[in-house]
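Pasting a structure here, questions to come.
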């Protein structure tokens, strides 16, 4: 017995199939796509009036387990993911212990399978203990299940070590995701350095901390002729550098987060610690540039950088609070509300940036599209349905969202992973 | 004209009328402070706590004296930031103190905006005695009170603020207040300690101290923290003093019209020479006297405001 | 809403004139005599008494201004703090015969506050009270020494004294029904 999705308007990255189809999922795969498939004993979802998308993929989340289970666990993070329409997520290695050995990788995959809601792919640390000193055993980590490597949370400051990591990753054909932020330039900044930080007296983090690292990484990628993926780009200038690099044929890819195309540093003047994030919220000009870069493909994909923190951790004042905000449950609706409905990107482009491109970047070859033979990871959404972000509404263990109180359009109606319904409201 | 603020968190949130009301009210309190019996029963039965997470003697004493002259009961708590970062949050600490039925809390904390957290999380009135680099409203109010006393007005005055603008809450509060009251403010200091985009706050930037002294009616010299050299903002204290320190020679060149202010405590020989600090153009001690009156006005006003 | 004029400009002038004679008579002249007006209209009346006394005796009586706001017993009850204005007494009151001057004498609470305020400035030999209108309804054991006019009133009524110097209009005293002002009147 399989799952049959009736009357599906299928949105793939290449086109929208306006004529409704039926999708039959069997043994975790998409078995058949055709009009009028007989219901015969299958579980049936009627998707009439909704949009059927390949399952969303977030290649940048923080699940906090192992180490800070008070902030999030693989289970609560998975629940938040499927509520947000994600069928696959990749978790960053800055846990305790760090994901720098096969045991931690195996633990996370085992726990994710036990929870059984979404696919969780651990991202391996680039350097042991994320200490910026020695490379991790990347081949072993790859064998254990790591599709990408990163020291996210900070830059690999040692440029020589980063070059070596890139060379090694090229040999293994794995993606390196770089957190671009030179800590010597950041120098303790807690928000974007600019007119707002000047006005409210918070320590500024200058944009050049990001752009000099972007420029360095592009140069190393050019020199080695290898791939590098730049995490959470936040600046107009970064987009310009990436655009230039791509025009030169340099193998750089990049991602951006909804908060960087929705909010500006003005949000920090409320001193809401949910607006304290790395990289910081930037200017309106940067917000516009990020939107444009998502539209023209300079930015390849949208990620959440879901970073849960407890109320206690965030209740200590802006300087003392940790960086980060939660994003899994708001990412899709923010993208629909801020990019799709205003016509900045099309629905097919959204599918590309949130599913197809991420799958391609990390080599998930059976994901990112609704096609016969692909994994039956499917997200069914209603783009018109409006809802309010509330503190109570979050299923994530943490509630540090700057979007609480907002009205958003676009709601997940079903999340299907491996042919099974894993979420419906 | 009436006061509607339960808290005094900064001059950014106050209107010109609000500021003028504080200054006007402070005049009466200055008269109280000049009496033989320097005490009025206005806040009898009220409890005012000073909660300082940063060391400060004079601001705390000034607030304490202000509260006492209004007949309030006072309690001083020196807390350490480290104790609040471990386990107990800032809000926790404050809530515990408030639970003893405190009416107003005068707070100093090293984190900008921390007073907002307290104002939201507590029921009592919060008076900001300095939050990080953001605001130090009573200091700016006493500076403005002193200016008004000396010049009879603030509108149209030219005021220079000299020193580490980047880290100065005194500078920020004075910029808010002085520009709202129609003064023309010029900030002056090393480029490395000049915050990006400060012009957007309605001030002019000038790196030439002599020029600033020449054009100003009053100049506020800021205290330079010695750590700034360790943080590499400055090549040396000697160089700072040479470029931005006030001495008699520089004042003489500018003319005798100028008055010199400083929020204290002064680093003599660094941001200003002893000769200047004690000289006829200095109003530093008037500032200290006026500080008590201004803080009496602030406490009197916030403690009278009941907001549902 | 009924409003009755109780005193006109002329009546007020005569009352002030009479009170100035009474003050001089009771104190046997000007020696060590001082007037202190309670803000706002008491200040105007004190000034008028000073002028009336000068026209009789040919000399100035020291005159001061008292703001009693900070001594009010209802400060913690009112919603917003009343404006505090300066007290101006530029002479030493110790050993002086002080005449406190106010416009309307009602509950006595203003005078209680004024007495508290005065003793913070020194130790006068005596303190006397001069009021333009005594409307009764005392809540404290305080009485006036010099009264312009006694007016029987009900508690819900409001007595309004208008003086040229402070109000910019022709002098008069008006009694009106004003239930809303009942509480405000009580408070002061």
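A, B and C are the chain letters, set down in written order, and residue numbers restart from 1 in every chain.
Methods note: a contact is a pair of C-beta atoms (placed from the backbone, for glycine too) under 8 Å apart; a residue touches a chain by one contact, two chains touch by 3 or more.
Keep in mind that what you see is a predicted model, and the values were worked out from it rather than measured.
Taking the CA centroid of subunit A as reference, the farthest chain centroid is that of C. Of all chains displayed, B has the C-alpha centre closest to the centre of the whole protein C-alpha set.
In whole angstrom, the spacing between the mean C-alpha positions of subunit A and subunit C is 76. The distance from the centre of subunit A to the centre of subunit B, with each centre set as the mean of the Cα atoms, comes to 45 Å. Rounded to whole angstrom, the centroid-to-centroid distance between subunit B and subunit C, based on C-alpha atoms, equals 40 Å.
Residues of subunit C in contact with two or more other chains: none.
Of all residues in subunit B, those touching subunit A in their complex are 12, 84-85, 89-91, 109-114, 116-117, 131-135, 169, 172, 195-198, 200-201.
Listing the residues of subunit C that touch subunit B in their complex gives 67, 69-71, 75-76, 78-81, 83-88, 116-117, 120-122. Interface residues of subunit A, counted against subunit B in their complex, comprise 193-195, 197-204, 206, 270-271, 312, 315-320.
Touching subunit C in their complex are the following residues of subunit B: 1-4, 21, 24-25, 27-29, 31-32, 35-37, 39-43, 45-46, 70, 297, 300-301, 303-306.
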